[in-house]
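Chain lettering (A, B and C) follows the sequence in which the chains are written, and residue indices restart at 1 in each chain.
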Amino acid sequence: MSLNTDFMVKVAQTAIQGVPVTLQIVLVALVISFPIGILFALIRIYRVKVLQRVVQFYVSLVRGTPIIAQILIVYSALPSLLNMIIGRAAFAINPIYYAYIVFTLNAIATLTEVFRSALQTVDKGQMEAGLMVGMQPRQTFWRIILPQALISALPNIANTTLYLIKNSSLAFIMSVKDITAIAKTEAAFNYNFLEAYLVVWVYYLIICYAAEVVFYLLERYFSKYRRPIKKTSGFNWLPFRIKQPKLERKQS
Amino acid sequence: MLTIEGLKKSYAGNDILKGISIDVNKGDVISIIGPSGSGKTTLLRTMTTLEEADGGHITFSGIDKDFEKLTGKEVNTIRRNVGFVFQNYNLFNNKTALQNITEGLIVARKVKKSEAEKIALKALERVGLTDRKNHYPSQLSGGQQQRVGIARAIALNPEVIFFDEPTSALDPELVGEVLKVMQDLASSGTTMVVVTHQMSFARDVSNRVIFMADGHIVEQGAPKAIFEKPSEQRTKKFLTDILANV
Amino acid sequence: MENIKLIINFLGQLLPAINITLIVSVSSIILGSLLGLLLAAARLSESVVLRVLASVYVSVVRATPAIIMIFVVYYGMPMLFNDWFHTNIDGWNRMYFVIIALTVLFSAPVSEIMRSAYESIAKGQMEAGLMVGMTPFQTLYRIILPQAFVVALPNFANSVINLLKEGALTFTIGVVDMVAKAQMIVANNSGGYAWQTYCALALIYWVISLAIDKGVSQVEKSYQAKRKTIAV
């Protein structure tokens, strides 16, 4: 097989400029969706009226539709919407902001589910113990329950990150100059498509593996107090008030 | 010091507690015994506001009120003045033994960190676990975890400590070390209310035994009286059954 | 109201193209499951070489964006066939390339799902089966697989939905599927009614996903009902 190696080196050099763009999209989406995901997960767990329906609907919608459809909707609706609000300036917006929006919206849905199941793995006894040493429910949540939930969520957060990295390769549709976009232009210019995409493939592999290593290290660092979760009692630890859920109980 | 009157609790139409009244005096070591399903654990959990009572009155640390009318603040007051030792230990999994004890002191009582650590170390010493202070719960045996649980309760210097079947989740060979710690506490004058299946503890350590069945207090009195001359038929039957199995 | 009418109108225009999506998805699911089965067998095999190869394959595919996979297959396979078999496959229906790419993408997670489902059931059940005198194959077929199927089902459905969504990239190599159709409609309207068109598109995918979820939970329920009756 005759690959044009000179061209591949050239693409490698140009496409590397897209790496920060890809990373930026992933990081911004993660950072913004993280707290919102926790909030949404809590809304689901505590079955907040109306809101929980909204969150459920949102998660199902995002999970059930291709990211490409989400991109096309946001990229077609948002500019004209902004145009109505801020006028012509809307068309001068750097498209990367649209990418931030799409991927954040997408990550929120995934992380909501991730945090929901993670919070449910924390035993309700942890909340009770916090209350009985005199801490407020809120204090117990922040200091005891959330840290434990986050650590048990790490593998799934890693998965979400991987999906984000891979999905970000579609940012070129919004004319964001990420790795894929650069490779595409180079390829079309020289008509060496395969070479260009092979190079990009390697870049994505490197980025994904790097992310996996980071999460592996995080997991190992935090695993010092992980034990196999023996008995999880679902989300019964929920007493934000003294009102107790009428769920599982033991008596003797 | 702590008085409960007419405490009621039901789940989904089942009455678990049918009007319980208890008086706890300073220095009391009260054992609550009774068959499974008699409401012992529920009694402890409702008394300490871990579960909402459906009726009843509490007199404790300046509060003199019906359970339903307790404000959030009063609930906090109650929780701050009691200690609770759980059946499943419920140590904070993400904190070391020492941090498990300091957490409540620092966060809830606003004790300075250095001061809290001093108190925590003293508490760990009382349960004989000073050398395990930097271990996480997952690195401790069940008996050790429960001793940390007890240290966590005593460090807060509560007026009364509740024990909810503190040894029933333990392997038989680990029961002794926990009972020993509890015995030491009792002899040092700590006020304790203990739900237990350990008849030896009820008989030898406590100064009052309460026998519960079907959400009622059937009989209470000095251990000698209960164990040797129970006046109720139910108590007699329970004791013969349980002692036959020892 | 106006918008809803528009969306319904666009739905009618997009739906005829759904057969492309369905053909691509179903073929990839079937082929991908078979490949996944082979991979799972490789990962559970005695041979170190097979195990390593399979796990490298899975981890590479796991880290590959769908669009890159599609492009590499689309541009790479004709070249490969030309060089190795001296065959020209440029004239292939482009759908084939998408199906191949999606098959590869689907096989990786599915092999993992099959493997972990098998492992979660196998140990004690195999021993029990052998001890009552069944052959290993009988135990596998009659005892382990039915149970592993139930364990694997929710994750399998999840992967199917992911595949469906990745299949929406079919248009990138010029197959006229629903996404391409939607873009054409938008182009025909000179860029007008774009978001309504794409909402109609999203709606179709959403309904399919919901249907898959619904179907799976139905199957799960029926299995749970069976279990209960056995237990009682």
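In this text, a residue touches a chain if its C-beta (ideal position, glycine included) is under 8 Å from a C-beta of that chain, and two chains touch if they have at least 3 such contacts.
Every value quoted in this text rests on a predicted model; they were computed, and no experiment measured them.
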| item | value |
| --- | --- |
| Closest chain to global C-alpha mean, per-chain Cα centroids | A |
| Greatest separation from chain B - chain, by CA centre | C |
| Centre distance in Å when chain A and chain B are each reduced to the mean of their C-alpha atoms | 44 |
| Rounded Å distance, chain B centre to chain C centre (Cα mean) | 55 |
| Geometric centre distance via CA averages, chain C-chain A, whole Å | 22 |
| Chain B-facing residues of chain A, complex | 123, 125-126, 128-136, 139, 143-144, 147-148, 151, 224-227, 241-244, 246, 249-252 |
| Of chain B, residues touching chain A in the complex | 11-12, 16, 34, 36-42, 48-52, 70, 72, 75-76, 79-80, 82-84, 86-88, 90-95, 103-104, 107-109, 136-139, 152-153, 156, 165, 195 |
| In the complex, chain A residues that touch chain C | 1-2, 60-61, 63-70, 72-73, 76-77, 80, 162, 165-167, 169-170, 180, 193-194, 197-198, 200-201, 204-205, 208-209, 212 |
| Residues of chain C that touch chain A when the two form their complex | 60, 62-68, 71-72, 75-76, 79-80, 83, 161, 164-169, 179, 182-183, 186, 194-195, 198-199, 201-202, 205-206, 208-210, 213 |
